[in-house]
Amino acid sequence: MSDPRPSGRQADQLREVRIERAFTRHAEGSVLVSFGETRVLCTASVENRVPGFLRGKGEGWVTAEYGMLPRSTHTRNDREAARGKQGGRTLEIQRLIGRTLRACIDRGALGERTITLDCDVLQADGGTRTAAITGAYVALVDAVNFLLKRGDIKRNPIFGAVAAVSVGVYRGTPVLDLDYAEDSDCDTDMNVVMNDGGGFIELQGTAEGHAFRRDELDALLLLAEKGIKDLFAAQQAALASA
Amino acid sequence: MSDPRPSGRQADQLREVRIERAFTRHAEGSVLVSFGETRVLCTASVENRVPGFLRGKGEGWVTAEYGMLPRSTHTRNDREAARGKQGGRTLEIQRLIGRTLRACIDRGALGERTITLDCDVLQADGGTRTAAITGAYVALVDAVNFLLKRGDIKRNPIFGAVAAVSVGVYRGTPVLDLDYAEDSDCDTDMNVVMNDGGGFIELQGTAEGHAFRRDELDALLLLAEKGIKDLFAAQQAALASA
Amino acid sequence: MSDPRPSGRQADQLREVRIERAFTRHAEGSVLVSFGETRVLCTASVENRVPGFLRGKGEGWVTAEYGMLPRSTHTRNDREAARGKQGGRTLEIQRLIGRTLRACIDRGALGERTITLDCDVLQADGGTRTAAITGAYVALVDAVNFLLKRGDIKRNPIFGAVAAVSVGVYRGTPVLDLDYAEDSDCDTDMNVVMNDGGGFIELQGTAEGHAFRRDELDALLLLAEKGIKDLFAAQQAALASA
Amino acid sequence: MSDPRPSGRQADQLREVRIERAFTRHAEGSVLVSFGETRVLCTASVENRVPGFLRGKGEGWVTAEYGMLPRSTHTRNDREAARGKQGGRTLEIQRLIGRTLRACIDRGALGERTITLDCDVLQADGGTRTAAITGAYVALVDAVNFLLKRGDIKRNPIFGAVAAVSVGVYRGTPVLDLDYAEDSDCDTDMNVVMNDGGGFIELQGTAEGHAFRRDELDALLLLAEKGIKDLFAAQQAALASA
Amino acid sequence: MSDPRPSGRQADQLREVRIERAFTRHAEGSVLVSFGETRVLCTASVENRVPGFLRGKGEGWVTAEYGMLPRSTHTRNDREAARGKQGGRTLEIQRLIGRTLRACIDRGALGERTITLDCDVLQADGGTRTAAITGAYVALVDAVNFLLKRGDIKRNPIFGAVAAVSVGVYRGTPVLDLDYAEDSDCDTDMNVVMNDGGGFIELQGTAEGHAFRRDELDALLLLAEKGIKDLFAAQQAALASA
Amino acid sequence: MSDPRPSGRQADQLREVRIERAFTRHAEGSVLVSFGETRVLCTASVENRVPGFLRGKGEGWVTAEYGMLPRSTHTRNDREAARGKQGGRTLEIQRLIGRTLRACIDRGALGERTITLDCDVLQADGGTRTAAITGAYVALVDAVNFLLKRGDIKRNPIFGAVAAVSVGVYRGTPVLDLDYAEDSDCDTDMNVVMNDGGGFIELQGTAEGHAFRRDELDALLLLAEKGIKDLFAAQQAALASA
C-alpha cells in the first residue's frame, strides 16, 4: 500500500476550502480564499480605462497581479518591491491567473474598462496559484455584479466558471491538492485549470524527480477533474450566500 | 461650537482598536491590528544574521518594511513591486517604524540577529503608520518571547513599550486618531510616537493648510498623550490573552 | 475534411529540422538549431562556480537564459537590455529550458561547476522554446564531452536525452510543430518536453480560444510523442557527425 | 554646568549664515546658502508645464529635489545616479522641502507652470535640509521676481516667508543649529520649519538616544523660534542686496 | 625588423571581409558582416514613427542599438537584459554607430520614419564596432531600397557611404584592423570612420600603454584610409550581388 | 576673412582658466576648475580598497564619476538619480576621465587603494569634460600629496601631467576651446587629451555637419597642442600656490 499523506487526507481529498466574500471594503470584489492553511486575498478592481493596445476598440481587459507577503512562507522572503523587481515565478503566476480569467469573459460585453485581480498571499502552504484562480473568479463575479447593478453594463460578460487545483505524484501515489509538505517532496507537480463545461483551460505539469508516464498523467487528470468539480460547488455556495 | 467629526466620535476618542495575535502561522510574531477600518498585518521575522555594518559586533538589529496592498485604498494604487521601486512615502514610513521600534530594544541583549517587522496594509482608512507601529510592537514582543522560550537569548531585550497615534486640526478643532475622511480634509496632521514612560520618540507634524500655532500644538500633544495611554492598555490586554 | 495547414504540411509532420554544431567558436558547446524558419543559437558555457545555495555541496548547476534579437520577429520588439528588464515571457521560457535540461543531468557527477545555456533567437517563426530545448540539449552534450575529454570530470553526468515540440489544435485539427501562422490562429497550444525513455518532463497546454476536451488532449499527446521521436533522431544524427 | 558645544557656540547661537544670490547663471534663481561649513546650492527652475494631476486646472506646482555630492561628506558616499536610485533619506528630505515651499505660495496665482528647487549639497556639516529650505526660499523669490519682471504673472504668488533650523539636546542641553559633531552625538534631533507669521509648517523630532520629555520639547521650540527669526533677517538682507 | 602579427597578416592587411545580405528574413535590411572571426548581425528595421523631439517636423531618424551575445566572447559575459542595464561600453558603441550612419542620410528625404540598426555580435574577435558600422551601412541601404521600391519615399536619402576600421600600434608597429590578440596587447587603439569622399566622420584614439606621438598618429591614419577604401569596395560588391 | 567667434576670442585663444584648490574641505583633493563660464567641482577621494578584479594584486585604482547638476545648463535636465540611471553621455565621459587619469599614474606605487575623481558640473558652457580632466588632475595630485605627507605611500606614483581641451571647426575656421555657443553650431568637435611629454592620450573627433578633411584635422591638432601647453602652465601655477 502507498504512503499515507502527511495530512492524513485521502488521495482524492481536497483540503478544507473556504471562500469569504467582502473581506475588505474598498474593492468591487474582495475574496479571502483558503485551501487549508493557504490563504490568498483576491480583490477585483474596476477601472474605466484599457491598456494602449485596446484603446478605442470597445473591448475590456481582465488582468492579474500576484504577490506573497514576505512572511507568508516558512522563512522570510525578500519583499519584491524592495528588491526592485518581480521574480520570474511571480510573473509566471500572474500571467497564468490573467489568461485563465480572460477565458471566461466576453471582453466586448465588458466594455472599455479593466478589471484587475490582485492576488496577495497572506499565508502559504502549497497551491497558492490554484487557490488564487479559484478565489479570483469569485471576486470577478462580484465586480461584474457591481457593474450590472449600477447599470454600467447591460448583460453579464461572464460565461461559465473557472477553477484550478494542483495534483501530483507523491511517493508513488497520485494525489489531489498538494500542501507544502507534499509539494516540496513530490515527483510530479501539475496545475490544472478547467471550466465548468469540463474543458481544460491550462495544464502545467512538471516532473520534479523522474519523468511521468502517460498512465500517471491520466490518473492525475482524473483527480483534478474530481477536485475542480468540488471547487465549482464551493464557488457557487459562496456566491449564493448573502 | 465646532464641526462634528464625520464618524460622530468625540474629539478625544480613538476608533475601536483591535489587536489580534497569531493571525498567520509562520512568523515568530504575527499581529493584525485594526484602528477602526484601518487594518494592518504586522509580522515579526527572526533571522540569524545582521546587516554588514553590524557584523561581528555582538549586536542585533530591528528593521521594518511597509507596504499597501494595491486595493487597500479607495482607488487602486500601482503595485510597488510591479513599478520596480518603493515610493518616497513608503520609504519614509518604514524608516519611521524601524527607528521607533529600535527605541525600545537593547540591541546588545538581542545578540547577532535581525528582527524584521513587515507591516502590510490590508485595508486603509487613515492612520496606517500609527496602527503599524502599535501593532508591530506586539509582534516584536511575541518574537522576543519566542527567542526567550527557546533559550536563544537569556534576558528580555525589550524595555518599555511604544505606541503611536495621529492627531490633527480638523475644521478648527484638534482631534485624536484621524480617519481618512478627516485626514484628507484637515489643516494639520501630526503623528506622535511615545513610550510608556511618557517620553516622545517621534513627532512629525505637517501643516496641510494654514500653519499651526503653538497653542494648537499644545492641544494636539495633550490629545496624543491621552490616546497613546489607551493604546498601551490595548497592547497589554492583547499580550495578556492566551 | 479539415483545413489544410498554411505550410501544406501533414498534420503530423515536423518542419525541416537542422542542427548545426560548432556554429560559434568560443563556447564549449554551440549549436544553431532550425525548426523550419525558426533559428535559435544555443551556446553552452562552462564556469567553475555554482550559485550561492549550492556552494560547498559538491554539486553542479545547469541553467538557461533566453533572448530574442529585436528584429528576429515580424515587427521589431524593444531590446530587453535597453528597457532594463526581461519580460515575463522571457523569464518563463528560460526557467522552462533550465528545468528541462536539469532533468537529464546528474548534478553530483558534474561537480561544482555551472553550465549556462544561452538560447538566442536569430529568427522567429513559432516554436522558439521547443527548438531552444532541442538544440540546447546538443550544446550541453558538447560541453560535457569537452569536460570529459579534458579529464575535468570522470563519468558522463548526462543520462538520456530531452527534446521538445509544440502541438496545437489548428482550425479544429490537432497538428504537430506549429509555425507562426498557425500559432497566432490556433485554439490550443501545447508545449511538450519528453525524455528518450518516453516520459514527460514538462507539459504546458493553454486554451487560446475554446477550452480543449480530453480527447483533443489525447490526440495532441500522440502527435507530440511522434514528433519528439523524430527530434531525438535528429539530435543523435547531429552528435554522430564529426 | 552643561557641556560646552564643540564649536564653542552659545546654546542659542546660529552658525554664521551666508546667502549668496546668482551663484550660477542659468537658473531663474540660484542661491548658495551656508550654515557655517554646510554649503548648499539651491537653484529654482521655471518650466511651463505642470504634473499630470494638475493639467488644465490653472494652477502651478512647486517641487524640490535634493542631492549630496558624493564627497560633500567626511567619507565618500555612493553617487545615487550610479546606484540607480535615490535613497530613503533623500526622498524624505526632498518631499519635506517641496511641501514646505508650497506652504508659502498661492498656486493659482503662479499659473500653469512648475518651479523646481534643486538643492545640492556641496559640503555637509549638519543641517543640510534646514539650510536647503532657507536658501531655496530665496531662490524661489528670485524666480518669481523673474516671472513678475517679464510680465508672465501679474501678482506675486508668494505670501510670507519660510525658514528652517535644527535644534537638539546635546549632552543634556538644548542647543540651536546642530553641526555634524553635535548631530552625530545628540539625544534628540528636531527640524523645525516656520513661517514669518510665527506658525509652524513642519516639526520633525526624533529621539536618537533617550525619549524626550515635554519640557525638553518646549525648550527646543523656543530655541527654534529664536533661530528662525534670525534666518528671516538673513533672507531679507540677501534679497535687499542688488 | 618589427614583430610579426599573431595572425601572420601584413601590417596593412585587413582580415577577410564577408558581407552576407538577407541573413534573416523579417528585417527590411539584414546583413551578417564578418571581419575574420568577428561576426556581427546587423538588421535595419523601418518604423513609421519618430522620437518625440522630431514629431511633426517632417524629418526621419536613424538610430542604432548594439549588443553582444553572452558567449560571443572568450569567457561568458553577463547578459545585459538580465543585469537590468546596458553597460557604458555598449551605450558608447551604439551612440557611435547611430551618429555615424546619420552622417550619410538626408533626414528630410527619409520622411517621418525611424530606421533602427540592431547590431548584435554573434562572435567577437576584436573590431566589433567597426564591423558593425560597415555592415549596418549595407543594411541601411537595403532598408532604404525597400522603401524606394514600395514608393514610400521618392528619392534616395542616402548620400555617399560610410565604413570603419580600427588601427593600432602593436609592439611598436602601426597595424590595420586589430584582432583580439592584438587588441588586448597593443599600445594604441584607434577607431576611424570615414565617408567615401575621403572625409573623417569619427576618430577615436586611446593610448592604452604609452601616449602616442604625432608621427604614429599620421601612420595610423594612412593605414585606416587604405583599409576603409577596401571596405567600400566590399560594401559595393555585396550591394551589387543579387 | 572668417566669422568672428561669438565671444570675440582669437581662434587660438583659451577662455580664462581658473583652478581653485581646497574648494571643499572633506576631500583629499578638491578643485573648482573654470574654463570661462564652465565650472566643474573635481574632488579626489582616497579609499583603502580596490575593485574585485584587483584584490590582492598590490595595485591601486583610479576611477572617475561625472554628473551635471540639473540646472547647470540653459534648461533644466532631469536628475539622473531620480531617473534611476546615468545616461550614455555621462557614462562615456566618466569612462574617458578615468582612463585619462590612469594614464599618468603608476598603480603599483599607489598600493591597494582607490582614488575616485568626482567631477560635478556646477555650471555648463561647453567643454565640461575637458575642464573636468584638467581639474581632476590637480585634485589627484593633491590627494597623492596627502598620502605622501602621511607616509602612506613612499614614492610619488604620478608621472607627468595630463590636460585636455576641445577644438572644432566653427563656421569654417578651426578654433580652440569651444564654448556652448560655438559647440552647438560647429561642424566638427574634437576633444584632445595630452600628456606633458607631448604625447596623445585620447583623441575623439566627431563630424557634426560635413566630414572633416585631413588638413582640418592637422590644424585642429596644432591648436589643441598649443592650448594644452597653456593648461599645463595653469595647473602648475595652481599647484605652486599655497
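In this document, chain identifiers A, B, C, D, E and F correspond to the written order of the chains, with residue numbering beginning at 1 in each.
Convention: a residue touches a chain if its C-beta (ideal position, glycine included) is under 8 Å from a C-beta of that chain, and two chains touch if they have at least 3 such contacts.
Composition by chain, UniProt nomenclature: A, B, C, D, E, F = Ribonuclease PH.
Since this is a predicted model, take the numbers as computed values, not measurements.
Contact with chain D (Ribonuclease PH) and chain E (Ribonuclease PH) alike is made by F. The most distant chain from chain A (Ribonuclease PH), with centres taken as the mean of CA atoms, is F. If you lay the C-alpha trace of chain C (Ribonuclease PH) over that of chain E (Ribonuclease PH), the rotation comes to 180 degrees, to the nearest 5.
Centre-to-centre, using mean CA coordinates, chain B (Ribonuclease PH) is 51 Å away from chain C (Ribonuclease PH). Between chain A (Ribonuclease PH) and chain F (Ribonuclease PH), the centres computed from C-alpha atoms are 59 Å apart. Once the centre of each chain is set as its mean CA position, chain B (Ribonuclease PH) and chain D (Ribonuclease PH) turn out to be 28 Å apart. Along chain B (Ribonuclease PH), residues 84-85 each make contact with two or more other chains. Neighbouring chains touch in a ring; in the direction leading from chain C (Ribonuclease PH) to chain E (Ribonuclease PH), they appear as C, E, F, D, B, A.
The touching residues of chain D (Ribonuclease PH), counted against chain B (Ribonuclease PH) in their complex, run 85, 87-89, 91-92, 94-95, 99, 103, 190, 194-195, 197-207, 210-214, 217, 221. Contact residues on chain B (Ribonuclease PH) toward chain A (Ribonuclease PH) in their complex (touch as defined above): 24-27, 30, 37, 39, 41, 43, 45, 47, 65, 67, 69-76, 79-82, 84-86, 90, 116, 118, 120, 122-124.
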